[in-house]
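Chains here go by letter, A, B, C, D, E and F, matching the order in which they are written, and residues are numbered from 1 within each.
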Amino acid sequence: MWNYKKILQYPANIKKQDPEFAGLVITQFGGPDGELSAGIRYLSQMYAFPVAEGKATLNTIGTEELAHWEIIATLFYKLTQGITPEVLKEAGLGGYYVQHGRALYPQDAAGNPWTAAYVQSMEDPVASIHEDLAAEQKARATYEYLIDQTDDPAIIDTLSFLREREVVHFQRFGEVLDLLYEYEEDND
Amino acid sequence: MWNYKKILQYPANIKKQDPEFAGLVITQFGGPDGELSAGIRYLSQMYAFPVAEGKATLNTIGTEELAHWEIIATLFYKLTQGITPEVLKEAGLGGYYVQHGRALYPQDAAGNPWTAAYVQSMEDPVASIHEDLAAEQKARATYEYLIDQTDDPAIIDTLSFLREREVVHFQRFGEVLDLLYEYEEDND
Amino acid sequence: MWNYKKILQYPANIKKQDPEFAGLVITQFGGPDGELSAGIRYLSQMYAFPVAEGKATLNTIGTEELAHWEIIATLFYKLTQGITPEVLKEAGLGGYYVQHGRALYPQDAAGNPWTAAYVQSMEDPVASIHEDLAAEQKARATYEYLIDQTDDPAIIDTLSFLREREVVHFQRFGEVLDLLYEYEEDND
Amino acid sequence: MWNYKKILQYPANIKKQDPEFAGLVITQFGGPDGELSAGIRYLSQMYAFPVAEGKATLNTIGTEELAHWEIIATLFYKLTQGITPEVLKEAGLGGYYVQHGRALYPQDAAGNPWTAAYVQSMEDPVASIHEDLAAEQKARATYEYLIDQTDDPAIIDTLSFLREREVVHFQRFGEVLDLLYEYEEDND
Amino acid sequence: MWNYKKILQYPANIKKQDPEFAGLVITQFGGPDGELSAGIRYLSQMYAFPVAEGKATLNTIGTEELAHWEIIATLFYKLTQGITPEVLKEAGLGGYYVQHGRALYPQDAAGNPWTAAYVQSMEDPVASIHEDLAAEQKARATYEYLIDQTDDPAIIDTLSFLREREVVHFQRFGEVLDLLYEYEEDND
Amino acid sequence: MWNYKKILQYPANIKKQDPEFAGLVITQFGGPDGELSAGIRYLSQMYAFPVAEGKATLNTIGTEELAHWEIIATLFYKLTQGITPEVLKEAGLGGYYVQHGRALYPQDAAGNPWTAAYVQSMEDPVASIHEDLAAEQKARATYEYLIDQTDDPAIIDTLSFLREREVVHFQRFGEVLDLLYEYEEDND
């Protein structure tokens, strides 16, 4: 089970609202390569994972992705809080507003509701870990694309932290893969 | 952020494997009215929720739903662990096996990947809380339908606990609704 | 069976075209909390509904939602009829135009085709009626969000009528819920 | 607007329950080529249809498809009403039961929720009418496939009526196409 | 099996980049009535098609649609290659960019990932060929809508070629239908 | 463009029909990790791929996946051709039959229509190649799961060939990744 601790893993000190960017960053809340995808993917894979160290890594990283999901939600919230409907419409969020107001909804930047079709979870550990390595690379790339779309240092600061974590996770999954190959060798 | 604590909120002391039932109970892992729907729904709604007590309730219940999600996953895992491919096929899980092995995948009992189209999150607090009241009733009904499909006391024990929690959550959301109406009156 | 009567339940006397608003109001034609969702939801639930009065209400309201669906379609049509492709593109409807011209297509404001994943239909009457109460609240909120996005009195007039009807339906479903609780008490 | 008349367009005099067949016939309630697809398709296309006779035909046939949708729902209901959960499971409807009980839900025979991606609606009348001709042929074929799966004369009787209507609709849409070509010639 | 030949079936001699139009033309890469829909539809239908000439036509046209798919991809690539993230955002492709950069992704103009729900494939040859006739008409109309959205002669030239091919395919499928009716007559 | 050559890349010499297995193997025709996913993924990624050798590999492997898609289709067709509706129903293909007869439809083993949500295509080459490495591992695992579900040597022979090819593709993509790292080093 999980306990909630009322603190962000990394601050989102937004000073300037930017609904247009909010409409892009939401892809990391509910898009194909966002934090929800990552969290659900790892926390689904862990149960049948055959090697204990890998299972623990999936749990640890999966739980951290939920913390990142919270950071992205906080970003979106701060970027849009109290913005008028008219300004939201001008920023391309008119459709979002009429369906959700300014609440968070797990969708990508085009408005597609999140779907588990984005993730795979297989008992085969080598397949699952490659899925995870790919996930981390795609999340990293998405953060870079997002950073390309803003010049606000506060946003860049938070996104850079999150990007860095994906790089670290990629390395951790690489270590799990090494373990798996050892484990498979030992069991041959 | 969330911390993981390696203990189930309620035990899943399965003694007898039952892949056929596993194929049904997975709806609470990734189906329309399952624990993932509940968790994502509440944890999405909370950010823009205008009343502090309601926000706290959404966070608390949303976090508990993740714990329930873990219980369901544990159930599925214990009901299928090590079952041969042939027996899985006979139990109607042949298609599941060829796509996921015995790993957990967030889908419903028909194999539909989870989609956020099942949930709504709106800044309007009265609308969101009614969405949540409905969610709890639908989850309760799903647990009752699941209990109708088994006579294994160990499974029924775990599902009955989860069903009970939905009833409690329904009451808690009812209290939030009362608060909201008070709050709206005070602000008129 | 249904008979069509060539009259709108409430007029849509649009004087000024507004393709941009058309791109928002379409959410009530084919979005998550729109009139199609409502109609299909109630007209699906009614068959197995165990209490006669509730069944009748589901039929009556479901049929009325089809009339509202027609009003929304008429609105969209009048707001866009004959508008040039270029103006549609400027209004953010370029993608809509290349896929449908100016015909009605059941999608939300982001272009998601309508999906039955938005609705639930259960034999459990308490669960279904709570689904319906939530549906009415979400539809009401959507109309309010839409009204926030326009200052055209003719559009507001029609949307206000539709919003009012959702409030009335909410009350009617509340009465069905009372009946259900009585019915359940009598059968205990 | 539509008025409901409490009579089926054609009776569904089912004498023998058959949950297994219910699990197949539901494709005409919420599957790709079912009555809901037909109804929503025609009733969406009609608004922007440029020729009055075609518009009227779309309205008439679309309204009739709703009547057929009701017949299919009645069939499903009669084939499953009161069947025990265990028997439903044996008939392959265990997953359906835990998600909906014995209520009607707009899905296909594999459990896919209905999606508007099945239908197209375009202002181009020639394209739309060809969509409709195809729809009628696919519905006809589906009824034939369903009839292949039963030898119950009561079911066959109802399905044969519905199949016949698709053939008639195909002819009606063929006439609309002729009109369109005339109309286009006149306007060249 | 297929062999790739490094030549476009028809050139896409784009001289002027136009990311806004790229965001529309992508519907023919991954939208409901685009070239991917056509290719997958025909190449799926062919295996169980009961008449040899029809099978051959499905194969030939299906393979040609892949060539058209390549032309559309080339168009999109040339219209967007090297365009800066900021300009992409102004052109309404900000969401696309953060999810895919400037790579091709099979989606429609609203960002919906391609789904096989757009296509039907039935053993019934008359139903399948009507599906195909409709597909060609819808593709033709889509090209016309696209041409309405540009005045760049180079784009129009390529789209006109593709539009023409849909008309030819429509005629070819008409011939298959004639064959089918003959074939059915002979087998009665 | 592509040319079709009327020969299978590897034979599918099925001697014994097996509709139940057909219902599983279809996941490689239209499921998440099947040949269609692979083909569309690579053939979408190639256009914006920044390194020529990688682009060529994507094209070559993407084209080969279409050949594998054809092999799987041939397998399904031979395993089901002419099987009676009743036997199909007993084999769990009743729902498939009423929607498609015995034609090929791009769906997974649970009946989900193929969706591009299964694939990602990004301009970032490192992310895309990791997506591809993962895809090959998941396809390999799926073939192994399928082989677990049959003891027919003819089926196993064909599936083993396809499994082997995924292993080879994985190695080829590994080589592209090495190239990419060199290329990135050279450009730093």
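The criterion applied here is as follows: a contact is a pair of C-beta atoms (placed from the backbone, for glycine too) under 8 Å apart; a residue touches a chain by one contact, two chains touch by 3 or more.
Values in this document were obtained by computation on a predicted structure and should not be read as measured data.
Q: Which chains contact both subunit D and subunit E?
A: The common neighbours are C, F.
Q: What's the fewest number of moves from subunit B to subunit F, given that each move must go to a chain touching the current one?
A: 1
Q: Using only Cα atoms to place each chain's centre, name the chain farthest from subunit D.
A: Centroid comparison gives A as the farthest chain from subunit D.
Q: Using mean CA coordinates as chain centres, what's the gap between subunit D and subunit F in Å?
A: 33
Q: Could you please state the distance in Å, as a whole number, between where the Cα atoms of subunit C are centred and where those of subunit D are centred?
A: 21
Q: Indicate the residues of subunit D shared as contacts by at least two other chains.
A: Within subunit D, the residues that touch at least two other chains are 32-33, 92, 99, 101, 107, 110-113, 115, 117, 120, 122, 124, 141, 145.
Q: Taking the top-of-page definition of touch, could you list the pairs of chains it picks out?
A: Touching chain pairs, listed by label, are A-B, A-C, A-E, A-F, B-C, B-D, B-F, C-D, C-E, D-E, D-F, E-F.
Q: Residue numbers of subunit B touching subunit F in their complex, please.
A: Contacts found on subunit B: 85-86, 89, 92, 94-99, 101, 107, 110-113.
Q: What does subunit E use to touch subunit C in their complex?
A: Going by the criterion above, the answer is residues 20, 23-25, 27, 31-33, 92, 108-112, 141-142, 145-146, 148-149.
Q: Applying the document's contact rule, which stretches of subunit C touch subunit B when the two form their complex?
A: So the residues of subunit C in touch with subunit B come to 32-33, 112, 115, 117-118, 120, 122, 124, 126-127, 130-131, 133-134, 137-138, 140-141, 144-145.
Q: Inside the complex, what are the residues of subunit E that reach subunit F?
A: Per the touch definition, subunit E meets subunit F at residues 1-5, 7-9, 30, 36, 40, 44-45, 47-49, 59-60, 63, 66-67, 70, 73-74, 76-77, 81, 99-107, 113-117, 119-124, 128.
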